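Going in written order, the chains are labelled A, B, C and D, and every chain counts its residues from 1.
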Amino acid sequence: MTSCLHDHSKWGKGDQLGAANLLSAENTLAALALAKTGRVIDLSHIIENGAPYMAPNQTPYVIHSGATARNSKKVRAAMGATNDVGANLERVGMTMHVGTHIDALGHFSIGEHLYGGHNIDDSVGDFGLIDLGIENMPPIITRGVCLDVSGLDGGHHLKPGRAITTDDIKRAFEAQNVTPQSGDVILINTGWGRYFMTDNTTYLEGEPGPDEGAARFLTEMGVVAIGADNMALEVLPGINHPDVMMPVHQHCLVEAGVHIIENLVLAELAREKIGVFCFVLLATKYKGATGCPVRPIAIL
Amino acid sequence: MTSCLHDHSKWGKGDQLGAANLLSAENTLAALALAKTGRVIDLSHIIENGAPYMAPNQTPYVIHSGATARNSKKVRAAMGATNDVGANLERVGMTMHVGTHIDALGHFSIGEHLYGGHNIDDSVGDFGLIDLGIENMPPIITRGVCLDVSGLDGGHHLKPGRAITTDDIKRAFEAQNVTPQSGDVILINTGWGRYFMTDNTTYLEGEPGPDEGAARFLTEMGVVAIGADNMALEVLPGINHPDVMMPVHQHCLVEAGVHIIENLVLAELAREKIGVFCFVLLATKYKGATGCPVRPIAIL
Amino acid sequence: MTSCLHDHSKWGKGDQLGAANLLSAENTLAALALAKTGRVIDLSHIIENGAPYMAPNQTPYVIHSGATARNSKKVRAAMGATNDVGANLERVGMTMHVGTHIDALGHFSIGEHLYGGHNIDDSVGDFGLIDLGIENMPPIITRGVCLDVSGLDGGHHLKPGRAITTDDIKRAFEAQNVTPQSGDVILINTGWGRYFMTDNTTYLEGEPGPDEGAARFLTEMGVVAIGADNMALEVLPGINHPDVMMPVHQHCLVEAGVHIIENLVLAELAREKIGVFCFVLLATKYKGATGCPVRPIAIL
Amino acid sequence: MTSCLHDHSKWGKGDQLGAANLLSAENTLAALALAKTGRVIDLSHIIENGAPYMAPNQTPYVIHSGATARNSKKVRAAMGATNDVGANLERVGMTMHVGTHIDALGHFSIGEHLYGGHNIDDSVGDFGLIDLGIENMPPIITRGVCLDVSGLDGGHHLKPGRAITTDDIKRAFEAQNVTPQSGDVILINTGWGRYFMTDNTTYLEGEPGPDEGAARFLTEMGVVAIGADNMALEVLPGINHPDVMMPVHQHCLVEAGVHIIENLVLAELAREKIGVFCFVLLATKYKGATGCPVRPIAIL
C-alpha cells in the first residue's frame, strides 16, 4: 500500500487540502444549481450523552450544564443588575469523532507518514495536529451523490463484516443513473445507521462498509469525500482482519487526501431514492483537531 | 422589559424555533439565487487553546492530543496488524460559547422565563437544556446583510462602550442601499474583531455593539439572527450598566426568539463593501447545548 | 425521616464538619498509638480509564497524556534549552465519585435540605457546593474498625440486594471483640469489591450493603465515617426500592453529618482478620467538590 | 548531567519507586513517634477555578456542578421515589499539577530517558504513563523537616530568580539544629507561597527556589521527597536559563528518583519555627498520572 506514498501528493509539497483542492467557485455554482425546490434534508444525528464511541482511542462525550440561569441571575443581581438576567451554559468533554463528523486528513497515518509527505514527528503535537488539522478543510459545497446499498442482500441493512465491493458501487451508480465526477461527495447508505442510539452495542460490534478496492475506485474518480451511515465508513471487521486494520482510512486520508464523513443520517435520502443533490458541509475550524462534529445537509 | 413575555411567542405554545420559523424553502431558494460567482467568504475564527472567554460563566477551551499515531500503531501491531496503521485523536474540553458561535434560544432568561413561555425549572436540566437547545436550530440558508459601522467615529473600530443606535443601524442600511426584510441575518462589523487572539485582554475588556433599541429595531424587521465581530454582540459595558446587564441578549433570545452569532470575522466583507450575500450557518446538533461553535459563510 | 432535620445539627448553625467535629488531637494520638509494627495496608483501588460509574449522575473518568516528553523537549530546545528536557503531563476529566473516594456532606439532600440546615438554593452553586464541599473535611486520623460480613451467607461475598442489618453489624463487632466508640471509622467488607474492574457490569448491577437501620445504629455510636468495598455503601436495590432510594446516604450525610467512603479495598484486612487499626484518610481540598478520590490506609 | 544515567537506579532494573524504597515499617514507626501532641497542620491549598498553572503544558482547572439536588430529585421522583432524594455531583477537568501536588517520577525526562532506565517510547502511552505513574508511589509517612529560608534576604520572602544554594540549605539545617537523614522529606519555605491565589500573576512570573547544587546535596542525603511553597520547586528563571531549563526536576525525578512536592503551604510551620514533624502524604492512585493533587500534613 505504501508504494505510492512518494507521489500521491499531486497538489504539491506541504499541501493541507488533499482532494479538497478540487473544490472551486465553478464547482460551487454548479452544486447550487442542483437546488430546485429549496427543501433541505438534514444528514446528521443529535449528539448527546451516551453517544457511541470506539474505545479506547475515541473517548466518551460528556455534556453538563455549567452556569445556570437560576444561579447566574443571583450573581448578576449581587453585582447590581435589576433586570433579573440569567444565563445557561454548559461544559463539554469530547473527542471530535462523536456523532456525525468529518475526519481531518491528519487523523490516520501509514507508519510514520501522514498525507502529503507530512510525518508524525513533525506534524503531531501535544495540543493537536500541527499539520492537516480540520481547520484546513474549506467549506464543502459540491454535488452529493447518495448510493443506497442497504437492500443488496435482501434486508433493511447489510450485515457487519459485509464488504461493499467496487462492483456493488458501480451498480449503485447505475441504479441511480449517475456517473461519478470530480468534486463529488459520495454518501453510502448501508442501513446500519438505524442502530445509532437505538442499539449502540449492535452499532459498535461491527459494520458493513466499502472495502479498500471500492474506496480506491471512488478516490480515483476524484471525489472530495466519502461518507456513510456507520461509525467508521469501512467494513468492520475488515476482510483481512486482523492482518490489515482500517485500510480504507489509510487509503482515503493518507494516500488520496480524501476526507471521510461518518455517522451520517441517510435514511430519508434513501427512502425517497434521492441520488443527486447540493451537498453542504461546514467544518468548524478547531485548530489541530483530527476532525469535527458537523451538520451536513442536502439541498434539493 | 418583561411586559411582552406573555405574547411574544407568536409561533405557538412550546415553540422551539423562534424567528427561525421564518425560514422556508422559498427563502432558501431566494438566498441561493444571491450566489453569482460561487466565491465563498469564511466568516469564522480558528478555535485554539487560549481562545478568549468571559469568566466565570464561560470556561476555557482546552484541546490535547489523545491517541497518537506513534502509540496507536504499536497497539494495533500488537493486535496483529501488519499495515502499520496509526490514528491521531484529541480530547477537548469547552463551553459552546468559544470562537465563532451561535447562541441557542435557551441561553438566556428573563427571570424564570426562557423564550416562548418555557421556564427554567422545567427546561434547564443537569445535562443541558431540556428545551430550546441548539439541536432545535434548523440549518440557516438565507439572505445575509453586513452592516459596517466600524468607521462611524473616524477610526478603524468603535470603542468599548460605544453603543450602536437605531439611527446608526438605519444609516448603515441606507449606505448599503439595502432594506431589511423578513428572514434576514444581520451581521454588524464594529472593527473590534481585530483583537481576537491578537490582544485578548483588550478584546475582553469591553466592546462596541448595538444597544437594546437597535436590537429591537432589527427584531421588529423580522430578522432570524443578529451577529457581530465581538464577544457578546451587545455594547459592553451596557449603557445602563450595572443596573441593566445584557439587555440585548434578553430581548433577542427570550423576547424575540432571534438567535445571536458572536466572534464573527467580518473584515473581508467590510473591506470589499459587500452588503448582501447568501448566508449559510449549520449549527451542530449538540443536544441541550446553549449554542455551538460554527463556521458560517457568505456565498457571493 | 425528615423529622429530625431541625435538631440534627448538634454542632451549631452553619456547621460544615458534622461528625468530623469528634476528631481531636487526643483522638489522633490514641489512633497513632494503635500502630505497633509500622506496616501500612493500602485500602484503595487504582483509578483508570474504564473505572465503574453509576450513570447518569456519575460520569466517566477519562485520562490521556497531555504534554509529552517527546514533544515538550522539542519546544524547550527551540527556546534555547540544551539540556534536552522533556515533561509529561495529562488531562483528566472526571466526577469526584470515581474509584476509592469519600463523599462530602453536601453530596445528598433530603428535599431542599442539606446537612446542618443548609438548603440547596443557597448552598449549591454553578461551580460546585458553596457549603459542605470536601475542602471542609479535616484530615482523618482515627481508630478504624473493619467488620467482615462477607461470609455471612456462606460464600465469598454477599449478594446484591442483601441488606446488612443492625444485628449483623452487632454480631460482627462481637466477632472482632470490639466495642464501637465515638470517633471511629467503620469499614464494612461485603466481599463485593472483588468485582471492581474485574467485572464492572456485575459490580454495578446491585450490591450488598447496610440498610438504614444498620446505618443509624452506627451513626448513633458516634462514628465519623462509614465505608465499604462497594460502589455506594448501601444495599442496592434498597429494601423499599423504588419507594425509597438511597436512604443510607440521606441519613448519614444529611441527618447525621457522617461521611461515606466507597469502593474501598478491604480484602487484606479481612483475610488477616484485622479488626482495629490506625486509619488515615486525607481528602484533597477541591473547593465545592461533593467528594474526592482518596487513598486511605490502615497502619498496624 | 546525563553521565550517571546508567548507574543511578541503585534499586534495580525496572524499579518504579526510586528513593521511596527508603521508606519502611521501621521508618514509619519512627516518624509516628514524632507526634507528641496530636496537633495536625495542613500543608495544602484549596484547589478552585482560577488556580494558577504554567501554560501551555499545564492546563486550567475547571470544576462545575454536574448533577444537582434540585434536578436529580425530580428524576428520582419520576422513577417512584417518595423520599425526595437529591444528589449533587460535579465534573472536573484538570491536569494533575494543580494546587498542592506531588510529581510522579515519570513527569520529566532527560532526553529519551526517564528514571531508572525507562525510556519515553516504551513508558509514555496515550492514556498516561505506562511506567512511573503516581499509582506506584507508596504512602509517605516519614520524618518531615521544614527549612525556612524566607528571611535570608531580609524580607518576608525571597525574590524570583533567587537561587537557594547548598550553603543556604546547610545553614538552614543548622538553624533548626537538625541533621538530614535517609528517608526525610524536606520542605523549603521561601515565602513565595503567599501569592498563591492572592496574586497569581506574580506567583507565576518566576520564583525563588533551590538550584541544582542544593538539590543534589539533598538527594545525596537520601531524602525521599523535596517540596516547596512555590509552583515548581526550583528557582525560576534558573541560573543558566535559557541554556538549562528545569535542571532540578531532571536531577530529582530522573537521576535521583526523588519525588517533588509543589504549591505547599508552609507558613504555619515557619511562623512557629517547627523544624521536625511526622509528615504524611497519601498520593491518590491515578494510573499513569504524572502526579496528583494531595493533602500533606504535619503531625506534631
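We take it that contacts are C-beta pairs under 8 Å (C-beta built on N, C-alpha and C of every residue); 3 or more make two chains touch, one makes a residue touch a chain.
What you are looking at is a predicted structure, and each value in this text was computed from that prediction instead of being measured.
J.: What rotation angle superposes the Cα atoms of chain A onto chain D, in degrees to the nearest 5?
T.: C-alpha superposition angle, chain A on chain D: 180 degrees.
J.: Rounded to a whole Å, what is the gap between the Cα centroids of chain A and chain C?
T.: Averaging C-alpha atoms per chain gives centres 43 Å apart.
J.: Counting in whole Å, what is the centre-to-centre distance of chain A and chain B, each centre being its mean C-alpha position?
T.: 24
J.: Send over the residues of chain D in touch with two or more other chains.
T.: 49, 56-57, 59, 62, 64-68, 70, 72, 91, 93, 125-127
J.: Testing understanding: with touching defined as stated, what is the shape of the graph linking the protein chains, line, ring, star, complete or other?
T.: Looks like everything touches everything, fully connected.
J.: Under the touch definition given earlier, write down the residues of chain D that touch chain C in their complex.
T.: Counting only chain D, the residues touching chain C are 1, 24-29, 32, 35, 37-40, 42, 44-49, 56-59, 63-70, 72-73, 76, 79-97, 99, 106-112, 114, 120-121, 124-129, 135, 138-139, 141, 242-247, 249-250, 280-290, 293-297, 299.
J.: Please name which positions on chain C make contact with chain B in the complex.
T.: 56-57, 62, 64-66, 68, 70, 91, 93, 126-127
J.: So in the complex, the part of chain D that touches chain B is made up of which residues?
T.: 49-50, 55-56, 59-60, 62, 64, 66-68, 71-72, 93, 125-126
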